[in-house]
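Handing you this structure, nothing more for now.
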């Protein structure tokens, strides 16, 4: 325990409270500080310019929600031992530590998902791993198990990653505040007051059914209004093309890494080690785009200018893809990079079969546990809803 | 005028409204888009991690306040012609365009202030200048005059830069919202409703005296609580030392610019041209610190790690400076970089002699104009107040 | 027009703006000032004690939303002449002027709905009617027509009373703020920006589909969480019984009106005239309950004490009604007053056949008008939903 | 302790938490429920129509702040025993229970202050006293001592009534939220985190000096902008005249109490007993004004109409009093009721000599306790400030 409790000011939670020295030391590792350089919403700030908050503060916020859950959910504290509590708080804090910059677009060249790197950083070698080892040599492994859902106590994973968890609650509240949208308000105080553990599952009391429905709808609307906003997907499309072009150029001529040393490991290796991964952040990418402005490759150069100066692609229905490709070719643009198809879908709520801890569970007045969509006629009506959106993105110059 | 009015979502103003194509085109220049890469509060996000908002959005916000002033202040619209209105809106939008990253610390190596570069960018060559020239070839000059206070119509400068102006109003509201502090609330609606032009000066009606007093106190508290927060000054101290070290190394051996090409112009030239200046942003600096982590110079390397991983300096009263220097030398740290003195002061409100448009003017019920500190006994009591704070910053390791 | 624009401070809209002397004079009538004495939410403040706002401010807020609609909806202003604009603003201001205190419970003794008295007050004799007549002698009639949906220009009624109107928008925003719930947020700025008149119907542009869905869900949740809260329905049940008892006593012995002179007209007449109606407000009722505390009738006395000191009824499923009646009789309570059944239902959105202006219309990107539930798969999924709630309320003493 | 913790929704504190059955039982007394019928701000809602919140919710809020103080102020809990904690929470809840309606104006006929009646209700006979006696027969006395500052443990009175206490903190936050002003924000979270008990005095750590200065200024501005708003003082002036007229009429002819039975005890007795006091609330007054509309006394009738229909007095500088009296007499108005002088003053902060617990104490970094105005140069500059305002109120008809 810290001698003097630490607090960090936060517009969402008022203060983030830290009294365990382990958590304080994790915050002060270089891997956690790196999250200051990764924006939570990636490209979203091209549409909502106030949305510049970082994964660093979201991670602290997710920790804070988890901390309040342990403290305020009436019978949760007694279901967990002290070791499990520390592990779940550490997991909440570290759950995003393996995120690359601009996650969605980076997949074009990064072969593994952020969960992979999160676990790799926790298991070390890393400053994070060093701190976790101060508990004992099995602790890092347990934290990783909570994150990859292999921990034997399922409730720990449910706290930080299910359909109603500390991660989602924090990001909805935070993304809503930071982008200035009115959606995404979650009644956290009420949820905490009416959650209970029953049969080793976290459930919400029946009296808060409207609070849960409201959460489901808020999440759904945040997806369509913010996360899948077409302008931000336009930006992502250009990013994907830029990384694809870089990879193609590297296949032709591996010497290109001398011009862009920050991408050396990324282009040459299947799996990055933690030191190599550490260097990848939004600001490194941004500097690389600056370099690419002067590239001798006209495609790479053009795409970099588009990203930096916000000359975005237009978009249209995916039905027009073939026609756009023809226009592209006619105008001398390579459709491999200049016609980008993007598909998104969002289901308001998806019930899983069986007693999975991934479902949202309601604790009925009669003591029974029931899955949300069976209890809420609103959510029940929406489970069949599978809203989809497929578009193609292209430079408007090809249509002239 | 734009065919369809444009809006940009903003948590402070709801929407930022753009109906003049000139403004829309200025926003889409590369120099304005660069402001997305300059944080408004520089180092402040090391203390208030939510304070990551950019000069880009503040500039849009300052424009929006100026736009509302023109529209809502009862007799302001009729005092200005259409050309002056467009010029002052452009000036509001562009007033920060010459900001370097981490303004305060950058002065250690950048010889000119941001006002200098703002005017240089407006006068061109630059995309901004190209857009301004679409009005006519004297327009850019007039916009620059509003910013450097040489425009013959003093009220234009008063709108964007005085002691109660669009710039200050926006940054107090925005910095307060984004850092999550409760200070800094300004009653913008009421100010707009009770401002009037009298004798070619913007004044506030006597009935809003408490609104103005509240603004003065909010500003004062934001300075001490946020802008001059010692932790953020600690970060700035390290930044200053880093840039000082870089300059010293460059004087010894000019070849160092090959390692840090982003600083070539900065180290070799008195005045940067607009292309050279364009490259300097937060993200370029951040990447340079990444490179410096691997420097062969142990001081540069140490300072870069401190910045990136948030290993900050401690601080104490400036009286202890000599003692700290002794400790530094004893421990083998060079006090030129490791003992940094920093002085800040803040006067709640400073009345100027004469009818300067820099004063805040109150329009009395009897039609008279009076300077704020004569009318408000609260502000009058505070004009003698000259709160100062001088500290030295140092690495805690030297005290062990 | 007023010489100096008037404003009224309001936490929801910032300011309510009045520049037409007609509106100012309507506000200053005794009938409008009476609304200061009628709480918007009636009994809801027994559950949400902060919900004490009045119909007076809601009426001003409804006027303000209507005023902004006329000013900000792009082509609405040009579809209406000046007379229609004044009439619809007056109608927005006056739409609730015929509300009795505790509307829902009062129906037990008041034979006509609030719409009836609203029209009666507008048509006079009344101060409101006198003010409306200053325009000309047909104006009051036109204002009444907008309120009772008989005005030939249907868009006027749609502005103040449809499924998405100034009335609903204001009360959701206001009730949400005042009760401290997180539901009920409506994105008014965005709605105003994306509403258009097409084919003489107010419609919302397709791009705001999520904003409209969010509004539908907010309204639905406010109903269940706030307006139909069982505790407030318990209070209403007691009120209904009290008024029923008073009526029954009056039938036995008409002299009872000497004890409760404020209810003389109500008990003796079918229709109250405007002077008689004027006296009925929350505060008159409250004083009458004070008198009833000392009634010689034990039932009236008991019910009055319950209302004033918040000794509420318990509730259970309506299935138990017969059993409760038996308990009542066993304990010597008269079930006519002590077992109260209450039924509520709420459909998230109900589409009407045909081109009714009561539907919510979406203006598609291709210029077509379509009814909301055809366009929104979320709303489409919810139209079959008919959430019902039937309970019986009873004093817990009968179960002992 | 309650089996299930109770919560009450509140926009200021989120929830008010009750776990002690004693507190729950006090809330359910008829004297506490009566506070639902006393508005916190009396006449202020004539200017800020949203300011209709009641002393009932403020009392709950004051209790909640006191509860958080006991729980969150680091070493406060350990300085008090369980009995003292319960007593101070009860005192926080009950501190306003002796308020008459429209406190300021009622003094014209009510001979004792609200503190007198608060103590009389606590000591009984009353339902409140019955509940307090369930602890033991000395408990009510101790609660009363905390309220009248005669309790031996001074810190208990300091918690609910000093210059920085639960009462003031709650009413500033609440009045600000409810009137929609931007003043009055107090950083409660930070205060609680940085308050400490030292030498049996509650003090605030030096690091929160700006938070305290901000509180002082907020309070000062709320006084001038809200509490002393001239329009609300105009309303109060009419109320005072009305009660004065009633008293004068009663002296002429005691039979008038038959017309206004609610004022019988008030007019005939020096001190009201608790049953008589219980009947006096806003709603009883309001009904009495309704009756006075039909009075045969033209002055009483006129004043009642002015109050109900908001026909307010105008105001001017007190210098014009004699002239106004002449106009009054000329027009046949009696200046005793129609020329009302009102004087208000407000000192931002008043330090008391000695170690009074009424001062605001700062706990310096070196462990010393110092009085606020010695430490804060801002507050020090303002202690001499004695802002005064004297006006006369009169009906505008006399000037025609």
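Order of writing sets the chain letters: A, B, C and D. Residues in each chain are counted from 1.
As a working rule, a residue touches a chain if its C-beta (ideal position, glycine included) is under 8 Å from a C-beta of that chain, and two chains touch if they have at least 3 such contacts.
Bear in mind the structure is a predicted one, so any value in this text is a computation, not a measurement.
Common neighbours of subunit C and subunit D under the contact definition above: A, B.
The minimum number of touch steps linking subunit B to subunit D comes to 1. If you compare B-C with A-C, the chain pair joined by more contacting C-beta pairs is A-C. Put simply, the chain farthest from subunit C by mean CA position is B. The geometric centre of subunit B is 50 Å away from that of subunit C, both derived from CA atoms. If you average the CA atoms of subunit A and of subunit B, the two centres end up 32 Å from each other.
With each centre defined as the average position of its C-alpha atoms, the distance from subunit A to subunit C rounds to 44 Å. Across the assembly, subunit A contributes residues 14, 181 that each touch 2 or more other chains. Within the complex formed with subunit C, the residues of subunit B that make contact are 7, 14-15, 189, 193. Interface of subunit C with subunit A (complex): residues 181-183, 185-187, 210, 213-214, 217, 220-221, 224-225, 348, 377-378, 381-382, 384-385, 387.
Of all the residues in subunit A, the ones that touch subunit B in their complex are 8-12, 14, 28-30, 33-34, 36-37, 39, 45, 47-50, 52-54, 56-57, 60, 177-181, 262, 279, 281-284, 286-287, 290, 308-310.
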